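Right, I'll just put the structure down here and ask away after.
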């Protein structure tokens, strides 16, 4: 109830502040019998890690997972036992002193003011619990979820579709990780990626930041995942995406453009796909009535520009007195490349949760 | 876990199918001591009721709430006791036979196929549990939540900002119910409302449907509501809005346009408002770090055109054989006017839940 | 969170006060495809109903379930669709005026004082939400759960083992409903039942009440139901039993007597049962490490004597002034016979919940 | 849902196996502003720690808490920020090889068989997740909860009332920690404590084990904590106590003896206590209708003898073949002295949770 747990049957609970001792979490509800690929988890963290390229913050963290529990060693490595998976990630690059000048000042569009309003006090070091560093634990859990999905034939991929006004000239579709990670900006369209990188470099030089949009596609999700009414599959995906630090907009399937169409054009006609019933178009984004229909699940998430700019500005202190302010510390000019693994992680968490929930839908379970 | 409960401390659980015996629900966690205005609840239902004008479906339901529990009579009417409020709303206009022809057919962009995929069988009558009639119970609960919010000085108002491509020429802001309900299309800008009504009439004549966008504004929310990380106030609002039947997009504050700005323009500078610290602009939409900052909370929700069109079409049956299909039954050419009270109801549910959750945030509670 | 919901995957939420409009509830998470025997549900209610014999309160309620939702009609009757089952039971025998004299008085060992302390006001009519009439909704949900368990080969039976100091001379074991219901006192040992009935008649004549103990046995539960650590199968059973209105003690398996043994005598040795591994004794009561082991699950629940006695007494009013008090209204001299179906109902709710939860325990689900 | 989380508003989630890398947990929902006494937490762990005296297992663990998050340093030490408190406790004395001989054998009255039945595989090292070592994390969280309760004037104390058939000659009442911890057996009645210690020594010599009973008393709990119907205060306490590894029985207030009385003797008459309304007797054990009434909360928990005895015995292997077995490893002849802090910890968790939940009970909150 205090907001640090996500999911129902497959649950992640996290802890940690940007400049505290360590980040970490507990994955509870991981089914027993999963041969865990720990290197793959570490690889996901590497995708999120700061300092990957000149496009991202220079804060460097090893971000190595220390596993605490939940597996036994079998011939080919660790296998989950059904017990909770505890893990920590050290905060080796913590520099709390960087933030001393902010003790009495609220940075604009950060959570400084609201945390203090809520709790009566706040952890001034790097935003404390509100720091995006918190997402490191989500990536760990998401990487486990991804491995469960793989056993079910489900793939989840995201990519940067737009940086500010520079957008890919193609409709949303699944792109492989190789395509996406080929360029550090994580846009699978090389020319667009190059233009995006230039823009980010310009903006960085100006001490400024930019946002944009990420597309997420999940393919191979069988028809039938999702719950009616409140826990619709896309409602849980929406909550997941809006729980990320910089989300400003979300679209499902046809999204905004769908709201401009007439019903007669917007409807996805059912067609026989041989082995399954499919739809001729996918304006529904793979979800109808809150439940997956077997088509690709397609979301577009818009992110705002990062709030910390390295330009002088003004704010107020606790008493409302004006103060001069200049962004310091190590920050990203554009979060989108590093947000790609976050978006994927959150989608994986939601999908595994609903895969497990689906097992309770019928009196007679059919695998 | 089966998807029919919403909220944590203030919880709504609902039941009912479009053409079953009755709709209804239970509100659990309503604080004791609320003098309940039952007429106001009924008035909210009237705003959602079909058949209000020529713009909406001709299905007519009295939609009278039968209260079951949770109050005692005091001098000025019923007062909540802390016990759960049970209620039902009869389905007097049920015409299940209207749907017999759909037994073996999946209507495009409806939940027919996915419900059958999930459960192995489905209630063919009017979409069963997937029908938008289910939202009637949300309006009841939302109306109770609204009365709690009123005691806290919070007002929630929504309006139709756009129908297809016809959009209000003004930025999002709070409009009173009188302004909004002055025109049946529920757009508070009279000229735009008239154009919208014309468009809806045209579309209806063509047996077609249109979507658009609704803006929601909550004002008076004090700084400090919302939880960190996963249960951010806007994450819960997002889940609420995406749990509505036709949502295609969601924006918070500056929304999509915010993703095009640079950080230096996008940031909301803090300013001294005398009695409180405020922000000069409100691109954050009243929420920072997942927690309310005291400014207006501003959301924009895009809705798709209703799937049921009164035009001939094609689909497939259970075996994948092509079938001819024509929309029948009583349906709305445009759901937006009737969706206004739904959006408000869901926002009220989320806000009351977080108002109660906030009471647990500090060791010493200050009212 | 407000206490009126029970269960995780199979959930019951209830509402209703003793002398309000109606009792009722919502069963959410009932798997689709269950052919529901509504007459069997009604028969369970008849077992709980007051006025069954001279041993119980003379309040008479038809206690007919009005079903609201959640099923479709198939050839042989209603089948669950996966949608929530809403139901109500009218309070036809409400006599609120019986309680007017209690407005300012707290009855001893009732919830009058504590509800007022909690909520600041209370529903004085028959104890309001604290009335045992609330359990009628549990019996409905339990009867549905029992039907699910039947498809899994699980039987749940309870009986009165002891009334005050009159106890069956046999160790706990499964007794069929025919045996149990053969005598209105619901003790399957005829001579003991007769002595119990005499005691209850004596006590009733004296305007007094008695308690005793009920034994519950669940047989056919497969090994593997239950969760580690906090949601042990017996922890959830314990919560279920302690949520009943008059519980004073609970024992699992060897219970109190087990706490007097040495470990060497208490241990249940594993033995080969041919088709499964069993234990030679069952001091564990069918649960080890919080998880069922395939043996009978055996609980003993002690109930206090009903608080309402028809003898003059004293209490205090809101200001602490002494007041004379005499029990009025219609009450049971001994709740145990009517508590038998309640105990069974709660056990069925817990068992179905864990049956569904077990489906998420392994990566590869085996039915 | 996977059983490793306890509580609703004040929540503990734990991880760790007996012989894994580390134990640990996350406390979420700890109100901000609590000046945390870390030494007091460590002291609670010392009370639970093995090897305290010859009466307990010789396994020695430092059991030092490593704090990960959730506090900021103020002048007098760490203060909670409202963020989750993550912590670990290393397993420095792990000796997994001690358990190799059990790979194919199920120890009687342990969880070996049931975990394998549930998950299809198990962690054979020291019982894995089923080990009582798991309770170390509960003691950490309980110690934090105790500090919150102290600010509310609530004290929680438990003691060993009975070992096998050796019982204190006094009715349950509050005893200070000094009294309880004066003797390593944790019985505050010196003569009885001495007899208990002799019994335990005898039993240990014989390679056997004994159980008994612990009494828990919470004093200072104000009237009004607890929720109606399912989440009664004693239902949540019951779940808490039955989640401990060796619980066999539970009694509230008058307990079993209350079930032998008549209602006229059993009722607790209300009396004016000057500053509050109290009861002349406390057969209700401080809880009426599921809600605290301001009197002492009194529970008695019966524990079975530990299953691991150092005597030869027989069991079966996976295929049902008989095997010889002899208890090895380091185990307690009597868990009760070390269970005292566990019982207190669980009670503290439940009480804080309900203290926070009570804040949502009324429209106008009064501290």
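The letters A, B, C and D name the chains in turn, as written, and every chain counts its residues from 1.
Methods note: a residue touches a chain if its C-beta (ideal position, glycine included) is under 8 Å from a C-beta of that chain, and two chains touch if they have at least 3 such contacts.
All values reported here derive from a predicted model rather than from experimental measurement.
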Task: Would you pick out the chains that touch chain A and also touch chain D?
output: B, C
- request: Moving only to chains each one touches, count the minimum steps from chain A until you reach chain C.
  value: 1
- line: Ranking B-C and C-D by C-beta pairs in contact puts on top C-D
Message: Taking the mean of the CA coordinates per chain, how far is chain C from chain D in Å?
response: 26
- prompt: Any idea how many Å lie between the Cα centroids of chain B and chain D?
  reply: 45
Query: Which whole number of Å gives the spacing of the CA centres of chain B and chain C?
result: 38
Shared-contact residues (touching 2 or more other chains) in chain D: 1-5, 8-9, 14, 29, 32-33, 82-83, 115, 118-120, 129, 228, 360-362
Residue ranges of chain B in contact with chain D within the complex: 1, 9, 29, 31-34, 80, 82-83, 148, 151, 228, 356, 359-367
- request: State the interface residues of chain A toward chain D in the complex, per the touch definition above.
  value: 1-5, 8-9, 11, 13-17, 20-26, 28-30, 32-33, 66-70, 72, 79, 81-86, 88, 115, 118-125, 128-129
Query: Okay, in this complex, where on chain A does chain B touch?
result: 1-6, 8-9, 14, 106, 108-111, 113-115, 117-120, 127, 129-130, 134, 162, 164-165, 203, 208-213, 222-232, 234-243, 245, 247-256, 258-264, 266-273, 277, 279, 283-284, 287-294, 302-309, 311, 313-316, 320-322, 357-358, 360-362
